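Every chain is named by a letter (A, B, C and D) in the order it is written, and numbering of its residues begins at 1.
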Amino acid sequence: MSTEVKHEGSLGVAMKRKEDPRFIQGKGRYVDDISLPSMLYMALVRSPYPHAEITSIDISQALKVPGVKAVITGKDLDAAGLGWLPTFHGLDKQMVLALGKVLFQYQEVAAVFAETRGAAADGAEAVEVEYKPLPVVADPFAAKADKVILRPDRERKTNHIYHWEVGDKDGTARALAASPKRIKQRIWFQRCHPAPLEPCGCVAQFDTMGRLQFYVTSQAPHVYRTALAIVTGIPEDKIHVISPDIGGGFGNKVPVYPGYVCAIVGALKLARPVKWIETRTENLTSTGFARDYHMDVEIGATAEGRVTALHVATTADHGAFDAAADPTKYPAGMFGVVTGSYDFPVAHAEVDAYFTNKAPGGIAYRCSFRVTEASFAIERAMDILADELNMTAADLRRKNFIRKEQFPYPSPLGFTYDSGDYQKTLDTALEKIGYNDLLKEQAAKRARGELMGIGISTFTEVVGAGPSKHFDILGIKMFDSAEIRIHPTGAGIVRAGTKSQGQGHETTWAQIVAEELGLDPQNIMVEEGDTDTAPYGLGTYASRSTPVAGAAIAMAARRVREKARKVAAHLLEVAEADVEWKEYKFQVRGVPAKSVTMKEVAFAAYTNMAQNEPGLEASYYYDPPNMTFPNGTYVAVVDIDRETGESKVRKFLAVDDCGTIINPLIVEGQIHGGLTEGFAMAFMQEIQYDSEGNHLNTNFTDYLVPTSQETPHWETAQTVTPSPHHPIGAKGVGESPNVGSPAAFVNAVMDALSPLGVRHIDMPLTREKVWRAIRDAEAKKKQL
Amino acid sequence: MNLGYSGEEKVAANLATVWAFLQNPEKVGWCLPEIIDVTVQDPTHIDAVVQVAVGPVRGKFKLKVELAPNPAGRRIDVKVSGGGFGSAVDLTAGADVTDAADGTTLLKWSGQAVARGPIAAVGGRVLEAQAKKLIEQTFANIRQQISA
Amino acid sequence: MKVNVQVNGVPYERDVEPRTLLAYFLREACGLTGTHVGCDTSSCGCCVVVMDGSRAVKSCTLFAVQADGHALLTVEGLAEGGKLHPLQQGFWDQHGLQCGYCTPGMLLASYALLKHNPNPNETEIREALAGNLCRCTGYQNIVKAVQQAARSNANAGTSQ
Amino acid sequence: MIPAAFEYLRAHSTDEAFTHLQQHGGEARVLAGGQSLIPAMRFRLARPAVLVDINGIEELNFLRPRSGVLAIGAIARDSDIERAAWIGERRWSLLHDASRMVADPVVRQMGTVVGSLCHNDPAGDWTAVALAARAEVVVRGKSGQRTVAVDDFLVDSFTTRVGEGELALEVRFPVPDERTAGSYQKVERKVGDFATAAGAVQVSLNVDGTIRGAGVTLSAAGPCAIRVEEAERLLTGQKPSVELLRAAADAASRRSSPQADLRGSVEYKKNLAGVLVARGLAQALQRLGVRL
């Protein structure tokens, strides 16, 4: 029947992205591009004080500003039962607009609605708020003392939010005590902000039937719909959430923010559409921050360098509300992956979180819930241990890797690692970068007093949340979903519960469907982000799209295939059992010449289906049996300028193992981007507060996002160890470079400084910190 | 941001004259630089409006001023808090008042400014200049006014 | 206040407040939403457009009234007759974009660069694009995209 | 973020601009490149009632060497200098360096040298450069035009000799001779940031290889750009040597009186002042073919 040439397959093809033509021509449609007739603009009044009682709010002058239509305050919302908003992991709530007092600088105090952007800003400026300053708690260690209780609204009158622990406490203590070698280090992963270039924003409108249409920068539109239904009491069928094109998310666009609720209230109250687009200052000061973990890491080892035990005790700064977007059962996310790539016989990890007068958050910034912190802690600590044992960083790692034959590997902190070949990945990296030559060069330079460092990070992360028995957000299990429809001509559409923010789903999802069905990916349309059409899914963050939704798509495609098999049997005039799927088409078992393509079957499914059900579509809700465990080896080479403290990253190689690669072009792009954010955290990015609780990095002049000039040149390579439990063996990659690279950079700088006896410097490694460390170390040497 | 300053003014008047001046809130209020308006609330509290003008930055700041003259302790403390530009500024300043015995009086002052909000975050370098000027000028004006 | 501008060769006359920033003028008064706004401090470059043929400017740090009488090029005007500009083609071929938010600004800053330096090396490209932030790509593929466009221009014997 | 409303006046000639400025006095600001002013207006830290736009004044759009001076008009852009045909000449190396380090490459296509001098940010680039090169600013006031040496022009942070109602027309850099070279050294946290510390250096040699004159200045080292007179004195008349450069650098470090901020502590910035002056001098001398 078929004479078509063999389909080459779509998996592993470096296909150009299908979504790009609209972006390169300025035809993307982001939230701020949406203008509705008679739309109003909203601006927020924010507190200059980090902790203060609100003694009065005078809106009378604001209401006189030309163009201002209304002003709402916390009191108005509270009266309507909208004073508070539950946070995503369900353990706390957050004020929508300040009620009685403010708890962090730039907290939302009032919302102004006006005819133009300018009038809204004029109105916000005219709102007069009087504050009575209260004592400020600006760091979590001060919060522990409970001298000032920041959240008297809570049942427990303490700043302590939770204690979480995992592993064998006593066993770990015993093993540590018995270890001949021990290292202990306080490692702080500084507060960061994802700062996507498009700030958060929304447009809210109630249509003539009273149904809410809500355009919003959301990484998880379905969860928003459910959350909004719960918060506002609007029935869920009357809420339509649309995530249009999103200009980067990185975890920042997972939580529901107070501004969204205000915009909806304004749209309802004024019966006009309302647009709210954050300013960059609002983005950096009030929406979800990440990290801020103070980790005391302790490792025990034998004299020969075999690790015996790991203990990590963390103090976490969560800000004024516990708005961490973690799954309910995991207040500290996947921090339990802190044993990393190493075979620790026993381990214990604990996290204590505190309220402070800082912005709320604790979101997963390009990270699967606290994996970045965990990975940094273990990779940094292993280097400190290597230094202590006088071993190279590579040798210590080799000695302690989980071996290939140990997979599936039950970690002492409760995960079952799916697959990996850490030794091979490390060897590939060291050979490719010329590790031995670098060591020689370094020795020669050290002899001349020059500071050159080589940093290695051999990380393992855990992504793809997650199996329903463990993972939920607001009670909703963390499955994901896909619906596939194949049209008569063999073109089709796939809809998923995820939402791309640049990851290229319109291309990769099409490739998965095309691979499974032997169709042309160019004619598989991908649609996401519209809750009226997409199946319910938990969204895109925590590297869960490929591990969960990617699997759902493959499984839905296989369901389509099973249905198509029946039609193929009819066309081939054989029993269904005699039809096999081979080389991207259906053929009669043992008779390759007798075959039909999916395209032919698709047409028949609508025109000649015989007794079969017409049409060709299927859906699948995928509940992953396990997480996936991408891993890799990163090597950084740095040169340090003694006089200025500048660290120059001369060379960087990333060898990633993310399992099966769907699109190498996109995988490489994800790695470049993640490495750049890892570089940013290692050297530049930090959200700082002074002791008075003032936010010091409120815009891009002080929150330092690297430009093309600071960013190093990246080299990449891959090893492929498929995930055994994922339908196509893919593990996810978007976060690996961001999770694995900070330690490589910092280890490189510390390696450069090790001849001076410098052991650890907290990120970001600014010029001054490095300069100071060198100067202090030299002064100390002189004294000796 | 947190800024600290100090300085000294020699007033060509005796101690009694100086204290008489310092205990008059209206008079002290008008010593704030670029002052536009002073409203006396009570003997130790005034509301003031000052014009801020440094480089491109121009605007009005509404200030609440609390005076704590203490002739016995030979000291005057001033607390200023206020706002403008969606920001808040708290200034505290104090001066030790000593009789120089030659008919003049010495004001040894020191002050501290804390700014919050966009003015500190964006206008940091501008504010630096302004806060210093505000405190310095206030004491210089006090000297001039008393001497006049 | 009346503003007359040529945007992508098309005349627009609009009446706006003097405080209207050029970026919002293009987006809201002209309906050309390809030009984006990503910050308030002239740092991110999402709003870059080309003025008078070869000057890249940040349209969020310019008032619309200042553009009166000038010619502007925005991302919407790069393709001609349905054919992508070599820079657009380069960004697509080399995977020089992910979320797409910085892309218009990157394209126009690159356009101005190639006007002044038709054959830039990697260092020169990285220097010239340092006024534009990208959070997704790590810049490397953007460099490759600009190089591809430069080669393509050279092959076509033009410097468009 | 949207600025507060203002009245916009476009000037087509210096006379017209001057008339507007005289009429509105302190209520008016000149809009040249706007790259510092407009962000300040967006944050509403600046809220001038009137903006006098001078970008349309063609007579101020020049960049030309004439009778021993390089005159840069009030609306000549930073990028005009970066791209000028003659900028690659050794004598202009100080300007050349700086023209590639001011702000970022797009901002430089609007930003102006004269505007930057008038803004007088404590961490500005052109202020230190103009000081090292001993430039002068031409200001139009009520009593006509006057020329002000940059040393005198820079009064205090954000304050210059341009009074209310006045207009700065151009800056004049003396054309250095053949045996002059310079260097601009800047440490910044990233491109587009203000300097953590910066040093501008310009050195002229005598035929015998001794230093005829030197300009050594610092930015981000005080309320506004400062001249390191001690370093200039030390260098003048001497034969270049490693020790001499060290001494000049130490003088720069001592003279530097920076403010601590997010960019660094006083101690670190003072260290940088010395390091950058040493590097700048070494580079300027290297450009003159001097091997130390």
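By definition in this document, a residue touches a chain if its C-beta (ideal position, glycine included) is under 8 Å from a C-beta of that chain, and two chains touch if they have at least 3 such contacts.
Everything numeric in this text was worked out from a predicted model, so none of it was measured.
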item	value
A-C or C-D, whichever has more C-beta pairs in contact	A-C
Between subunit D and subunit C, distance of the C-alpha-averaged centres to the nearest whole Å	29
Distance from subunit B to subunit A - Cα centre to Cα centre, in angstrom	50
Subunit B-subunit D separation of Cα centroids, rounded to whole Å	34
Of all residues in subunit C, the ones touching two or more other chains	17, 19, 40-41, 43, 127, 129-132
Subunit B: positions in contact with at least two other chains	1, 86, 118, 122
Sequence positions of subunit A contacting 2 or more other chains	117-118, 125, 279, 281, 696, 699, 701-702, 705, 707, 709
Those chain pairs that satisfy the touch definition	A-B, A-C, A-D, B-D, C-D
Subunit B-touching residues of subunit A, taken from the complex the two chains share	45-46, 48-50, 105, 124-125, 131, 133, 281, 690, 692, 694-696, 698-699, 701-702
Complex interface listing, subunit A residues touching subunit C	16-17, 19-30, 32-33, 35, 117-118, 195-199, 245-248, 250, 279-281, 501-504, 665-666, 668-670, 672-677, 699-701, 705, 707-709, 711, 713-714
List of subunit A residues in touch with subunit D within their complex	117-118, 121-122, 125, 279, 281, 643-644, 646, 684, 688, 696-697, 701-702, 704-707, 709-710, 766-768, 771-772
Residue numbers on subunit B that touch subunit D, as the complex places them	1, 53-59, 85-86, 118-119, 122-126, 128-129
Subunit C - residues contacting subunit A, complex	17, 19-20, 24, 27-28, 32-41, 43-44, 46, 74-76, 78-79, 84, 88, 91-93, 95, 97-104, 107, 122, 125-127, 129-143
